[in-house]
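Letters A, B and C mark the chains as written, and numbering starts fresh at 1 in each.
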Amino acid sequence: MGVHTHVRELGQYVEADTTIAAAIVDRRDARLVGVPGEPQAERLYRRMRFIRRFEESLLELFERGLLNGTTHACIGQEANAIAIVEHLADDDHVFSNHRCHGHFLARTGDALGLMAEIMGKPEGVCGGIGGSQHLCAPGFMSNGVQGGIVPSAAGIALAKQLDASASLSVVFIGDGTLGEGATYETLNLASLWRLPLVVVLEDNGWAQSTPSSANLAGSMRDRFAAFGLPVFEIDSTDVEEIAAVAERALAQARTHDGPVAIVIHTYRLCHHSKNDDNRPADEVAARWELDPIEIHGRRLGVSARAAIDAEVESALQDVIDRALAL
Amino acid sequence: MKPVLVPTTDVNSETGLLLAWHAKDRSEVQEGETIAEIETSKTIFDVPAPESGFLLHAAREGTEVRLTEPVARLFANVDALEAYVEEDQHRRVEAAGLGPRATEPARRRAEELGVDLASIGAESLITVGMVEAAAAVATPATIELPDPLPGVAALPRIALIGAAFGATQVIDILQAAGSGTAVAIVDDDASRWAGEVMGVPVVGGFQRLVTLFGAGAFDAAIIAIGSVPARVRLREALAANGIPLASAIDPTARIAAGVVFGTGNIVCAFCHFGVDTVVGDNNFLSAYNSYDHHNRLGSDIATGPACTTSGLVVLGDRIRLGTGIHIEPHVEIGDDVQVASGSVIVASVPAGQAVKRRLVTTVVVPRRLDAGPDQHDRR
Amino acid sequence: MIAARAMGDALRAALNEDDRVILLGEDLIDPYGGAFKVTRGLSTDFPGRVRSTPISEGAIAGLSAGLALSGYRPIAEIMFGDFLTLCFDQIVNHIAKYEAMYNGKVTCPVIIRTPSGGGRGYGPTHSQSLEKHFFGVPHLRVVGSSLVHEPTAVLRALLAQNSPVLLIEHKLLYPLHLLLPVGGRIESDIAEVHVSADGLPTVSIRAVPREDCSFTVLAYGYQAELARRALSRLAVVEEIFGELVVPSQISPLDWEPIDASVNVTRSLLVIEEGVDGFAWGSEVAARISSHFFGKLRRPVVTAASDPTVIPSSKMLEAEMLMTFERVEQAIRQVAA
């Protein structure tokens, strides 16, 4: 009711000062997003390694007290983001959830924008206002309320249908999201109206501290099938296996007259957010054996792999240095 | 839709005062149920619902209603009622273009003062203030307002307020009693100015009264008006201007021992005040009023002729009695009570109430031929 | 023209003038044409752009969000204002936040319209005025439909902006004729129209010049109509003169026309149908009391429905809801 000098009216929110934006060119660094012409296997490895190292660096910056707030790293799930995004076109749209860094980096490659955003800087993707969970870039959005993004993604799909565009609206959810009613309302409506919506469920077995066995009755795939969605299901952390399924699923999504579901059984190797992991230690240890970076990294030659690691490291260090200097 | 008209054979009144609604607006009522009460010049009586249905008020409590128009309407069901309200709103939107728009108090004042609303020519609603301003303007300065009479030596000079029939009574009483001489009359109705009543000039309005008192042209005033609200309003105005009241008591009044009177009382012929009765101020008591021993009367009371109380009766302030009323002993009548003519009151009446009588009419019917000899012969 | 028809025409004009407009809601399709018949005829004349949905208020709001993010202009109907609770997450955490949290990179111009209010005896979950729970949600505008505002003009003004709007339509207004100011008058009252920078009107109605009004009444929707009738009657019968100010956008408020009136009358009554306590009137009272501190002739008076459920029995409903009688009573209180 008083005079709120810092409250901006809608329409007054503007992108970061163009001079600042101009100073940050080259947000897409080939060392992180893929060198043109490199073999596909290396490309996939490099892109996953980028996400892994970004997330680990982020958590380290939190440890050092250089970042505040909360964040939800996707360590262990990198293969899912890469496998899906590799088969998306520029005019497809991705809507992600609270654990969105992997999807964001896969889609945009904007490490500096994301780092600056999480640091709360005006040069961040959303001027420091959205932070870790609320990101917006061309072809990408994320929000932090479970299930709430699914209807928005369906609305974007509806817009594509009205535009008679052939593009897709992809939404990433977790096993925990299956508790939210909005998800089911949307599956029903999307199927009824044959919307070009792709629901990617990353089932990592745990919703925060609760195993899915304590959260979900019935079958995951049956939930989608109940609304008439074709379901593509895979239990793997191998990026090439997942990519193969993703390719089939997304190809079908483009021709199929209605929504499609992709269910990826995976595992989160890091904490839910920060220092809140009370899963059985032996379970977590066993899953480290299935680290997607390792599984795929073994396919590369030792020196090729080492070279990529070094490039990613150096590129990320640049990003961190520049972000900290902002 | 059934219009509800006031069932009265009172041909002398064109309007009545809607005293109270007994059934709420838009409520369901049964045939014969009393839904309202109306006061006319003669009496207060009930309005029954002519049939069952849903009631829509057509007038507000406390307002004047035309006796030829419905005070309410009855509908078979709520939807019909709502539909009528909707149409009516529309009708009023259209009718709004016609005629000068004035508040009801302004209309009444305009009538009192003889002002033509159309002559005011206002852009928005005409208010009392605007009517009074117009009346003041309408009185051309060219009218020669007469001077008061010089009066008779040693007798108090009295100014009367009200130039209608009340004045004739007061002038007559003063002449008969020899307790004062009427030297001037004032009235808010400017059309009466420069006229005269029984030889006493009408010299202007209330403002003139104040001016004349300031100039020492009279000694006290009497309010010669029967309306209770007017008596109250004028008494307060006189007090505010420091003008004392005088009384006019007919010489035929029989006043017993110990009786105390306040000021400003008008007592008409053949009134009786019993032993130790106390009377307040500014009362207008008509002929043949009898207040038996040990009564207490308040102030600003107005009565019709032939009202009679028993001993130990108390009347509050601002009471209006009709004519021919009888009150039993020990009864207390509260402030602001109105009593219909012919009432016999046997129990106390709380303040703000109305005492009414059901209208009973005499009817002529054919005799029943098989009834045998006149029943009255059987004892 | 009755308000329901006028709103239907406003939607028709929107569909005609802007290809991006899409209508979503339950039972909108002809021949049913909406629970209150507002959209009758539209699905026939604009096939594919007027869609009936399953009973999924969350999805209705959410899909509208996605459409708006993609550049469309969705106008969603939530069948009863009571069901807004089912959209609360989508409205508060999504629709109202996208533009601001993404630092202006997107806009989310969703319009959600809903019939609300009591007085029909529909009972506790079909009679409420829940807009009070959306007042003060940052970046969300709440607009109240009233008989004195022309719906096509209001909708056009809303569509010319890119911000999300909750549009409250009181169901008892639907069968009533609009009372639009013509030549500076509504019926025989003076009617002054102030238009905000956003093109949203506030109408001030008085029987006599403002200087002769001894108080201001602030109200919207059906309560504004009750207040208008009460003030009209009280003016004519008892010479009680007040000025009625009817804003179209009720949160945030355009204070200019309200201040202009209170500045002269120095006395304010705020009327709403929502339940009392932490309500519209509370906010107005706080702001007016602060802005006019020391200049008001009496504390701001607020009148609202009693804070309890709305009974189905019409008699019981009339005891707790803001009715004509209670409006008149409140006016007498501030006129005394």
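List of remarks:
By our rule, a residue touches a chain if its C-beta (ideal position, glycine included) is under 8 Å from a C-beta of that chain, and two chains touch if they have at least 3 such contacts.
Worth saying up front: this structure is predicted, and the values here are computed from it rather than measured.
Central chain by Cα centroid: C, whose mean Cα position is closest to the mean of all protein Cα atoms. Ranked by how far their CA centres sit from the centre of chain C, the chains are topped by B.
Separation between the centroids of chain B and chain C, computed from CA atoms only, is 48 Å.
The centroid of the Cα atoms in chain A and the matching centroid in chain B are 87 Å apart. Inter-chain spacing, taken between the CA centroids of chain A and chain C, is 41 Å. Residues of chain C that touch chain A in their complex: 22, 48, 51, 53-54, 56, 58-59, 61-72, 74, 89-90, 93-94, 97-107, 138-139, 162-163, 283, 286-287, 290. Contact residues on chain B toward chain C in their complex (touch as defined above): 60, 63, 86, 89-90, 92-93, 96, 101-106, 124-125, 127-128. Partner chain B is touched in their complex by these residues of chain C: 175-177, 187-190, 206-209, 212, 233, 235-239, 241. Residues 1, 7-8, 10-16, 126-127, 129-130, 134-137, 141, 143, 145, 148-160, 162-163, 169, 181-182, 185-186, 188-189, 192-193 of chain A are the ones touching chain C in the complex.
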